[in-house]
Structure formats: structure tokens, C-alpha cells
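What follows is a set of structures for review.
Note that subunit A is present in both complexes that follow, paired respectively with subunit B and with subunit C.
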Partner chain A sequence: MQIDTNIVNNQVIVDLSGGLYVEGAEILREKLIKYMENGQKHFLVKMHKVDYIDSSGLGVLVSVHKRTRQCNGSLVITGTTGFVKELFELTRLNKVFDMQ
Partner chain B sequence: MYCFSTVEEFSQLREAVREKLTEMRVAGVDPFFVAINEAVNNAIFHGNKQDETKKVQLTITSWPGEVRVIIRDEGQGFAPAKAKQEEGLQERGRGIEIIRHCVDQYYFSLEPSEVVLIKKVINLQ
Partner chain C sequence: MSGILQRAVSQEMCEYCQRFDLLDMINDAVLLVDAKSNDVLFMNQKALHMYRYEQQEIDNLAIVDLSHESRETACEKMQMVVERAKRGYIFMANHVKKDGTLFKVEISARCLVMHGKAVIVALVRDATADGKMRQELEIAGKIQRLLLPEELETAQFSMRTIYQPLYGLSGDLYDVQYNEESQALFGIILDVMGHGIAATSQGGILRYLFRQAVEKHIAVSDKLAWINNEVMPFFSSGGFAAALLFEFDFKRKILTYSSAGISYFLCLNSKGVAVTKSPGLFLGINEKEAYDECVMTFQSGDSFFFLTDGLFEMLAQPINKLHTFATMYELCKNLPISKTIKDDASGVGILVH
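== the complex of A and B ==
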């Protein structure tokens, strides 16, 4: 899993590529929480290059989503495709997240 | 049979497992692969409680018309009836739901502590 981040107009752009397995999910969690501790509260997660996710990755996104809501921030997810998109639908998280 | 104790060890085996499923003409390799990863994560984190002296065994077997994957840990077993379906903003608890949707059949055993995941194969006739 590759996790590239940069800040554009006060929004953290998170560009993911590869498979988001349990070990990568923890690295993603730590990265995003560090941004939140530094005052960032708006996130855009690009997932068009992600070819695998499971409950560990979904759980991290839920966790960050909850924290952003608590501080009036936002988490937007874009570009899910194929079976990754199906898993968001299967778990009904497509109704929870702002997915574009 | 594949044998490992940690996620890091299993990460070295994932591609071989996926290739094996493809070779065995599993109908729907992607969902089956997700179910296997979910079950392996459960075995490492909940079954063996990340005790690196304990092993997880993953066995892939071919049966008439289907492939069975057995994931066995050294824990106390898992009773799926106790697993509640989580909704909305719960961070954990989606693994069993994902497994249920990604396989044709599955069952848990308490002794030994294992889960069996079953998926049909592509019929070439």
C-alpha cells in the first residue's frame, strides 16, 4: 500500500494505491490521526488505485470519519471501483460516507 | 498447507494463496480472497491474540465442484451466533458479515478452533 498525502486549501488529500490490508490500515490510521492532532479536519481520500480493502481498512475510515465529525470536519471518499466499491455497498458504508 | 503466526508472515503468502485460488478456478477469486483475509485476521488477532508462539494453519483443498479453505488457530474457537451485526459508525465487527457475503458456505468449529470457507469452482462444461 502506498499512501501519498498533501494539503490543498486546508484539505488533506490522501492518495491511496495498492491493497489496503490490515498492516497498511494501521499505518493509514496513524498518518491521518497525526494530521488531526496537527489541526487538520478535512480529508479527501482518493481510492481509484486501491484494488483491495477489508474490514480493517473500512474500520480505519469509519474511525477517522467519526473523529472529523466530532470537530465539524469532513471525510470524502472518491474513486472506489470494482470489488472495493462493492464492499462499501455490502457493508452499507456507502450510506455513511460522503462518496463521490 | 501454509503456516504462520503474524500478519507480516501471512503478507508474504497472500499472493501465493491468490494464485492457488485462480489455478483452482474458483468462481469469484476477489470475494473469496477477501473472506480468507478476514478469517486469517480473526485467527491472528482474536484466536491466537497475536501470540507469536501460536500458529495459524491455512489449508486449501479441492472438492468436487468446490474449493474449501480451512483456517485453524490455537485459540478457544469462535461462536458466530454471538457475533452481532454492526451498523453505521462502529469501527469493528464487519468481518463476519463480509465473510458471509463472499463465500457460498462457511462454518465455524470450536474444537479445533477453525473456520471452513467454501466457494464453487467455475464449471467449464
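== the complex of A and C ==
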């Protein structure tokens, strides 16, 4: 799993690629929490290049979503395809997150 | 000695002493040990207090006097610190106080050169509390296992279970309630995010809510929605849970189920093994969430496996269609043992008689 981040116009852009499993999810969690601790509250997660996500990966996104909601921030997810898209639909998370 | 040299030496000594004063200010036990002889060169105030020694007594102390392990083991560990040099080495050891009290310590040590001498700088932490905590967790893990229902054998069905926590405690849980009179089997499989104490507590609450929900004369999907509403406060600080609630009506041969994030389960019948999709949002995310309810008929000889994702994801896809209840159960039971698990792995298998 590759996780690239940068800040554009006060929004943290997170570009993910590969399979998001438990180890990658833990790194992603640490990175996003660090941004939140530094006052960032708007996130855009690009998932065009993600071919797999397990429950720990979904867990990180849900946790970040909950935290951003509490501080009037936002979490936008873009570019889900294939299995990842189906999993978001099956778990109804496509209705929870702002999916673009 | 010239005046200039004398001043230089005393300045160096003063700086040296100031360094030791600084070590005394640290709120952890610090030892300086000669890397060659293993003699103790210095113990800060915290270390003296922890080991119950007086300052003047450390002149005759070596690391083997503080260790309750064999001389060879204690020296080997010191050698390891020397070999790892600046990278440092963290290890556990059994140490002994002056009064003979044994205690477990965690030592974080590095080997540095001070004034031309190889010195091991060791930060020693009393790990007795960690041991107690570990014991508590082991007991909690055993209690958690006791909450799980026994495998069932009735005239209507056989039930087999799989339970393999990633650590001692698990976020996975399952429970069933069978009413012989109505020939109805209610069951739930739960996967709370995390594997620690919080996940275990949340699992226990969900199990309690499941038992209450079974008593309610409402639809299966409404039972799940009720559980979600009741459990919301317990997930307010984060986290969520996946669940699948099912009811086997053996009189009418109907399976009714509602899912909250457990997206698949397995159906085995005369046509082979099929993966059934079961949509629904996780518990603990949205209040007043409405859940879908699905119904399917079954026949004698059919079987079903409700698995948490930790186990489902270990099954090689596509799943061999020729599996029987027995072979699928064996596979599910052995997978968490034969493969390296990355998540709690649990499941419930039901064979209809």
C-alpha cells in the first residue's frame, strides 16, 4: 500500500494505491490522526488505484469520518472501483461518506 | 599541576557531575554499567530507591548482582547491548532488590563511549504491573470464551462454531438462542472493530442487547435496528461493529436475516456452495438506521456458514462448490491455525436436519 499525502487549499489530499490491509490501515490511521492533531479537518481520499480494502481499512475511514463530523470537517472519497466500490455499497458506507 | 590545567580538570569534573545530577532528575531508574567488566558505575536516585541500595554500596555492585538470571544470561544480554551499540536493545529480565524481592523489568539500553570507556546506559522499568495486566487479560480472554454458546445438536439442526482470537481478547463474538417449542433459532455473529478491552466490552454489550432483542416480538430487521439504536452511545468515542442477525424457522423452513456490515455468508445445498451477499450499514454509525430484511427457504441437508471477515477473507476464492458441511467446517476450523491470521476469525455453521 502506498500512501501519498499533501495539503491543497486547506484540504488534505490522500492518494492511496494497492491493497489496504491491516498494516497499511494502521499507517494510514497514524498519518491522518497526525494531520487532525495539527488542526486539519478536511480530507479528500483518492481511491482510484486501490484494488482491495479490508475491514481495518474501512475502520480507519469510518473513524476519521466520525472525528471530522465532530469538528465540522469533511471526508470525501473519490474513485472507488470494482471490489472496493461493491464493498462500500454492500456496507452502505457509500451513503455515509461523501462519495464523488 | 599548573593552575590552568587544574582549572580545566575541575571544569571537566564539574560538567561530569552536572550530567549525573541530570540523571538524578529523571523519573525512571537509570544505570550506567561498564561494558567490559559489567560493573555498575552509577545508579540514579530512582534506581537506588527501586533496588533499595545506598549510594555508597554501588561501588561493589555488578550487573549480575542485580540480575536474578544466571551469570551467563545476564552477561549475554549485556553483550547484546554492546553488539547493537547505538541502535539500542530493549529486553525483559528478572531482577532482584537488595532485600531479595524478585521483580520483572524492561530494560532499554545502549552502549556509548564516555571518556574513552564503553559504557552501557540502561533505563530500567519495573514491569511487574505489566505482568499483572497480562494475567488480567488472560483471565478476561477465558471469561470471554465462556460467553460463547456450546456447539448444539438438536433434532432440527447441528451447530458448529469457530473462534480464533488474534490476541487473547477478541472483538468477535457469536450467540444463539433456540426455542424448542417454536422451533426457532435466533443467532448473531458480531465483529467489533479492534481486539482490545474496549472491543471486548462493546461485544459484551451487543450480546446482552441481542438477548433482549430476541424477546421482542418485532421483525428481524427491526431487532437489528433496535440493537443499533441502543448501542450508539457505546460507540460515541469511535469504532463500530459488524453484525449479522438471523432466524431459522424450522417449522416453515425459512431463514430470515439482516446484516450490518457482514456482507457475505455461505449457503451449501444440493447445487453446491454459494456466497450470498447481505447488505447493511455497520452498527454504531448512524442512529435510526433502517436495515434490510431478506428471506430464503431451505431444505433438510442444507447448511449455512456465517463468518466474520477475518475468517471469510482467508477462504480462497472461488470457493470449491463440492464442499459438504463437514468439509467446510474442517476448512474453517483449520484455516486460522494453518494460516497466519491478521484478524480475529470466528464463525457459526448450521446444518439443517
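Here, the second predicted complex is superposed on the first by the 100 of 100 C-alpha atoms of A that agree within 3 Å, B and C clash if a C-alpha of one lies under 4 Å from a C-alpha of the other, contacts with A are read in each partner's own complex, and residues count from 1 in each chain.
Note that in this section a contact is a pair of C-beta atoms (placed from the backbone, for glycine too) under 8 Å apart; a residue touches a chain by one contact, two chains touch by 3 or more.
Please read all numbers here as calculations on a predicted model, not as lab measurements.
Peer 1: Specify the outcome, clash or fit, for subunit B and subunit C once both structures are aligned onto subunit A.
Peer 2: Overlaying the two structures gives a clash between subunit B and subunit C.
Peer 1: Please work out whether A:Gly59 is in contact with subunit B alone, subunit C alone, both, or neither, and reply first, second, both or neither.
Peer 2: Both subunit B and subunit C are touched by A:Gly59.
Peer 1: Just to be sure I read the superposition right, which of the two partners does A:Ile13 touch: subunit B = first, subunit C = second, or both, or neither?
Peer 2: Once the two structures are laid over each other on A, A:Ile13 reaches no partner at all.
Peer 1: Identify the partner contact of A:Ile33: answer first if only subunit B is touched, second if only subunit C is, both if each is, neither if none is.
Peer 2: A:Ile33 sits against neither subunit B nor subunit C.
Peer 1: Which holds for A:Val22: it touches subunit B only (first), subunit C only (second), both, or neither?
Peer 2: In the superposed model, A:Val22 contacts both subunit B and subunit C.
Peer 1: Would you sort A:Arg67 into first (subunit B), second (subunit C), both or neither based on which partner it touches?
Peer 2: Only subunit C is touched by A:Arg67; subunit B is not.
Peer 1: Just to be sure I read the superposition right, which of the two partners does A:Glu89 touch: subunit B = first, subunit C = second, or both, or neither?
Peer 2: After superposing on A, A:Glu89 lies in contact with subunit C but is clear of subunit B.
Peer 1: Identify which of the listed stretches of subunit C (40-48, 112-120 or 274-282) has C-alpha atoms clashing with subunit B after the superposition.
Peer 2: 274-282
Peer 1: Under the contact rule defined above, give the subunit A residues that sit at the interface with subunit B and also at the interface with subunit C.
Peer 2: On subunit A, the overlap between the subunit B and subunit C contacts is residues 21-22, 54-56, 59, 62-63, 66, 87, 90-92, 96.
Peer 1: Report the residues of subunit A in contact with subunit B in the complex, numbered from low to high.
Peer 2: Contacts found on subunit A: 21-23, 52, 54-56, 58-60, 62-63, 65-66, 82-83, 87, 90-92, 96.
Peer 1: Would you mind writing out the residues of subunit B in touch with subunit A in their complex?
Peer 2: So the residues of subunit B in touch with subunit A come to 7-8, 11, 14, 30-31, 33-34, 37-38, 41, 87-95, 97-98, 101.
Peer 1: Okay, in this complex, where on subunit A does subunit C touch?
Peer 2: Residue list for subunit A touching subunit C: 21-22, 54-56, 59, 62-63, 66-67, 87, 89-93, 95-96.
Peer 1: In their shared complex, at which residues does subunit C touch subunit A?
Peer 2: Listed in rising order, the residues are 191, 193, 238-240, 242, 261, 263, 277-282, 285-286, 309-310, 313, 342-343.
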